[in-house]
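Notes for the one structure printed next.
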Amino acid sequence: MDTRTLAQRYLAVREQTLALAAPLSAEDCCAQSMADASPVKWHLAHTTWFFETFILERWQPDFRPFHPAFRVLFNSYYNAVGDKHPRPQRGLLTRPPLTAVREYRNDVDRRILAVLDAAEGGGKRRDDAALSDLLTLGLHHEQQHQELILTDLKHLFSRNPLAPAYSKPPQISERAPELSWLECPGGVAEIGHRGDDFCFDNETPRHRVFIEPFQLASRLVTNREYLEFVDAGGYADPRFWLSEGWDWRVAENRHHPLYWHPGERWQEITLGGLSPLDLERPVVHVSYYEADAFARWAEARLPSEAEWELAATTQPVEEHFGADGVFHPRAASDSGMRQFFGDAWQWTQSSYAPYPGFRASAGAVGEYNGKFMVNQYVLRGSSCVTPPGHARVTYRNFFPASACWQFSGIRLARD
Amino acid sequence: MDTRTLAQRYLAVREQTLALAAPLSAEDCCAQSMADASPVKWHLAHTTWFFETFILERWQPDFRPFHPAFRVLFNSYYNAVGDKHPRPQRGLLTRPPLTAVREYRNDVDRRILAVLDAAEGGGKRRDDAALSDLLTLGLHHEQQHQELILTDLKHLFSRNPLAPAYSKPPQISERAPELSWLECPGGVAEIGHRGDDFCFDNETPRHRVFIEPFQLASRLVTNREYLEFVDAGGYADPRFWLSEGWDWRVAENRHHPLYWHPGERWQEITLGGLSPLDLERPVVHVSYYEADAFARWAEARLPSEAEWELAATTQPVEEHFGADGVFHPRAASDSGMRQFFGDAWQWTQSSYAPYPGFRASAGAVGEYNGKFMVNQYVLRGSSCVTPPGHARVTYRNFFPASACWQFSGIRLARD
Amino acid sequence: MDTRTLAQRYLAVREQTLALAAPLSAEDCCAQSMADASPVKWHLAHTTWFFETFILERWQPDFRPFHPAFRVLFNSYYNAVGDKHPRPQRGLLTRPPLTAVREYRNDVDRRILAVLDAAEGGGKRRDDAALSDLLTLGLHHEQQHQELILTDLKHLFSRNPLAPAYSKPPQISERAPELSWLECPGGVAEIGHRGDDFCFDNETPRHRVFIEPFQLASRLVTNREYLEFVDAGGYADPRFWLSEGWDWRVAENRHHPLYWHPGERWQEITLGGLSPLDLERPVVHVSYYEADAFARWAEARLPSEAEWELAATTQPVEEHFGADGVFHPRAASDSGMRQFFGDAWQWTQSSYAPYPGFRASAGAVGEYNGKFMVNQYVLRGSSCVTPPGHARVTYRNFFPASACWQFSGIRLARD
Amino acid sequence: MDTRTLAQRYLAVREQTLALAAPLSAEDCCAQSMADASPVKWHLAHTTWFFETFILERWQPDFRPFHPAFRVLFNSYYNAVGDKHPRPQRGLLTRPPLTAVREYRNDVDRRILAVLDAAEGGGKRRDDAALSDLLTLGLHHEQQHQELILTDLKHLFSRNPLAPAYSKPPQISERAPELSWLECPGGVAEIGHRGDDFCFDNETPRHRVFIEPFQLASRLVTNREYLEFVDAGGYADPRFWLSEGWDWRVAENRHHPLYWHPGERWQEITLGGLSPLDLERPVVHVSYYEADAFARWAEARLPSEAEWELAATTQPVEEHFGADGVFHPRAASDSGMRQFFGDAWQWTQSSYAPYPGFRASAGAVGEYNGKFMVNQYVLRGSSCVTPPGHARVTYRNFFPASACWQFSGIRLARD
């Protein structure tokens, strides 16, 4: 990619992040509702730290950090870079104030553009490729944090009895089409990214897998279907649950998905505030345990990530990020294969593991993905808060089995 | 007190609270650094809730709450009033924003003054006395929260690697005078408040106690003296510690007081930022366990609250709250009996218990003090962040033995 | 005491301990049901360790320990003696086997008697007094562990769904007499032990206290009375509880005393197995929090330890330890002042603190009592499992406010 | 299998279990050192419960349980059977005594043999096959608990400062052969059990997988090799560790494998007591995290379970269970492919998941394996404490990544 295009793309992504934070107060941006989530301000700063650390420190002549303490404060988990501020205490950083973090962003933006300007003039070509690669990585990294800004904020607002709204509430949908099953023949297939374009290291190498014939559901599981499971006593019967899932359910005292609210009528916390539960939209914010229990109750199972990728490979990457001011998954609209992208991440039964022949990227960015390959499960597709242009059919998202605060939903499979 | 004086006093105290919060950003006011501490914004709202709940709800005709949800959000622990927001989640309340809490304050202030205005005209006298009593209680309550605003903020800033300063740093002091011992004869003495003026219910009734002869130190223990204890291995030798105190020390991995910072030279976190440890000033932010261990090492003991009150009864209530822009205890300045008030709260060996004949106040405000009378220890005197006019010789402050984040110091006693 | 009498008393106490363990299997003696409780085998060994460490090591010529590792294994909490085995892991010591611990007891007994024999011949008189004092302390120490053997065993058996019985079950009692109130005039009184006979260091020195006039209940609170509190919703109403007590109740999910079992009819775990709840007998196994809540509900309060001692000083020390094969408190039998001793320990409102002028004993045995003087509450009297000859009017038992597994009951007081 | 052979096999396995418990006291058999481990007595009873519940309840005419309470006490995790005693409290069951559990075994044995006798006469053939299948499952189940008896006991003894020995200590070995690498071509392969003989349900169905070419180490990693990792600072450098593994290491304060003891010379806890660390024997009792970190440091990786099975399929199932009175893995003895079976379980990088087309067994025994298929990792092979005749090349053992108390070792693989 030429540096001018790169610079434009850089500015567009960086602006998008600020746009997401624009409706929020400094207070909203500072709070942290659990150790797994981060304050919006921290996201704003950490994504900037990424560019400063991995680009400017290497390519800016006479590099000096914007603020020495930021190196530690906004390091997420890169041990090769050095110390890091304890994750559960990110919400205590009332200083630097939000205004200073905006200045930090401006300052780094200015310097990044200067580095790109200088690179344009030519010079060490190999190094330019590295610069382009790392900058592109930084932009995809920032897009990931754009999604986290919205999911972390949703969690924060969900703990507030005032039920604040970030955006417009979703409207009640038309009836979703009946679920049908796609027949997928098995055999040796290829999955993973070819590496001819940008991807994360964990999507490589492309490799062969053997898949038995299977069926895949045409759309995501709806709230209506999930409510049947709830009403049928699904949360009271250990037979449907993994042993560890049942223990989790009991310990967390869960009787329905995280953001559902019981009452005369079911309601659901959305980024638009507390809304009536729309039975036609996909169920979201379920853990792997819940997805697995629902599937067993429905006499089906979760797909493997290879099955998912095989079926999704011909599907269009759809998006409706913030369309009409709404950040919520939509109901499926017709009876074909739908909702692979753009509504909800889809739990697979695949534990997050290295592909055969996987090599983590060299240097500190090698810590990006590889070191998390244990006790997490892969989610595929993308969600209604995944930024435009970010999704790919080979994309591997991953979270612990107990995680609920992402827009995680369920697509069923059968043998 | 006539209602005009009451109104003036009301306005003065309310203004003082806002003045303390004035140097802080909305972010600073929103964060909560531990379950024991509260956000400044919450203090601003809760003190207002106190007046709204205990005054306006009773005396304002056609009372309607400023916001129905605030009744729960800003209830601290009054079960008789109703539900309360979970204490450890006060820092998640980014809404209502700080501006809304200021409006809440203004609105309640306006209505309180109207109630006072109406009372002035006369009417049910007995009820007027109750109004005056409860309003006065509310003002003392607000003063307590003024102190907590400063100690909670200090704790929050102490967790920030940027070491923010709220006010001016203290300057290094002149050498403190040698410690001497006051001889106190024993016998039957009276302690507690007569009830002829404002006091909290836990200070009553005044009653007789029998005290054996004792000696009381002329001033507080200095950082210099406490450092000798540290350097002598006091934190490594269980013989000096209560069994539970030693377990606390090990579990918390404490090797010095909470806000000391080791290094080439000792430093101390103050409300003016990180400062060199001033050896002449009183040691503060020690737990009961540390105070007790130091006393044992020094071949002395902590005084009982009766001993303390007996000795303090003739002492002037000194104050230097925020004088010269500094919020820190001062070194003793001459060799007489000093520092009973205005520098550091003083741990006593007395467990917090009801005085003989104690009756909690009637109604919900009866929950103010009485229900905490177990497993806490009494501190006497007042500190450098106790607001002017708040201290009394009969005042009983109380905290668990592990609490360190108040300005708690040590005055020794001997048999 | 002459050494022959001492030897006889030594043998009697040691034999009593073995007699208590006699009905138990090696398995029963090895298990530990919670960190606060110890296995019976550990009690058998630790009491022996006490004599070996504090007597033999000093007075036996050419002393060699029975087993070097026992010095650590059976040290409870004496830091001055050295390391100790972690308390929660006492139940993992399947080795040494019970038989080896019996050999340990025999061996130490033999050597203690030899030391006493040698002392009889005369010699250093002052040292002989120390020997006599420490041996006597060791015997009272062993008696304390006799009580713990029974309460710890009761707790262990209470966790077993088979509801094992150690002894005979209690029979249903005759109706207890009505409660009456003893009027006690106040004034300066003396409490504490004169030191003219054996006592623990925490009972000294005898000293004056000032007591306001008070009333004391004629007998302990019965199960009938406590059940009224339960039936009246006492466990559902925070107004009756200390704040910390309420938190404890919620966290522990308590709705009745520890050993009560709900059902068609109330039952109670006793050392004779699961028995119908005898409404006439004293309520036992209540925490300080429950005792305090009951008292508030009953419009009374707990006595202070000084009040208790003042009233009890003329009472006979009654006992029915294991009489008729039953280990359970009896119902009061007539309407006079009853049950000061021999049925249930009585919670006082007094936090466990040093008496004025208290000095811990010299040497390692100084750790016996003094270092526990924080966050515990004093219980007075004695219980149905306190060994004969062990109780005294000045005796200060102490446990944390949450402790329930002792035979702890309630005697009310009023101003 | 004919019922006579079945009866003989039944008696042999049952006797083997008793033989393993024979050297232990009742105390040894009662204690539980952690929630993951069970008392030997509980193993003796639970394996008996399995036969009583799944065989006798169905096939014995006029079935009556040996003791109604045992149905709950010795149920491990079968929700379809009913309630179960809380796992962490198994060590509190001093009753029933060991002798009663032996009677329980005898009683069930007698009745099982009677059922087999009756079946021999003929009758419902289909039912007879079910009887034979469930009895065989029960015997393999009991063999699994034989292994657990030894590993749970080892853990219990490891917590005892007396370092008890269960069997003979291992002797120092001859130098192990150099490690070499087996080249394995990839392609479509079949793994899993054909179901023509006994296997657990989780080994089925046999199915095809695609495997890339790989190399597999000729033998297990030795203590010598692992010690190099330790000496090279492997436990101090997060670069070698999975993020979760590093957090585990820090939280557990691990600096070497669980049973290693530092000192002048390294020692190792064995079932023969504390022994010098034999550098030639395989490292055992490492967690998945440690195995993975070692592999990364050694520039290799763990094999997948498919790779392991492919390579092992031609290997003999070797055993030296208790040979010469020693229960410890042996050093490799020559340079060929060795140690697939009989020394140490081998961590694979494969998360424990259902094979394609997996169906759990019908009825309550369906809870045996399937419900644990999340957040566990597969170990392959068998160990020095796996009973003779129990191992298979398709066998899938599984434990959480943090588990160390099994004989778990490391076989390396490379791309």
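Structural remarks
We just call them A, B, C and D in the order they show up, numbering each chain from 1.
We take it that a contact is a pair of C-beta atoms (placed from the backbone, for glycine too) under 8 Å apart; a residue touches a chain by one contact, two chains touch by 3 or more.
Source: prediction; values computed, not measured.
Note on A-D: across the candidates B-C, C-D or A-B, the interface recurring with over half of the contact pairs conserved by residue number is B-C.
The chain with its Cα centre farthest from the Cα centre of chain B is D. Centre-to-centre separation of chain B and chain D, using mean CA positions: 59 Å.
Centroids built from CA atoms put chain C at 38 Å from chain B.
Chain geometry summary: the mean Cα position of chain C and that of chain D are 46 Å apart. In chain C, no residue touches at least two other chains. With chains as nodes and touching pairs as edges, the resulting graph is a single ring in which every chain has exactly two contacts.
Every pair of chains meeting the touch criterion is listed here: A-B, A-D, B-C, C-D. The residues of chain B lying in touch with chain A in their complex are 25-31, 33, 69, 72-73, 85, 89, 91-98, 156, 159-162, 164. Residues of chain A that touch chain D in their complex: 77, 79-80, 188, 207-212, 238-239, 241-245, 288-289, 292, 301, 349-351, 353-354, 356-357, 371-375, 401, 415.
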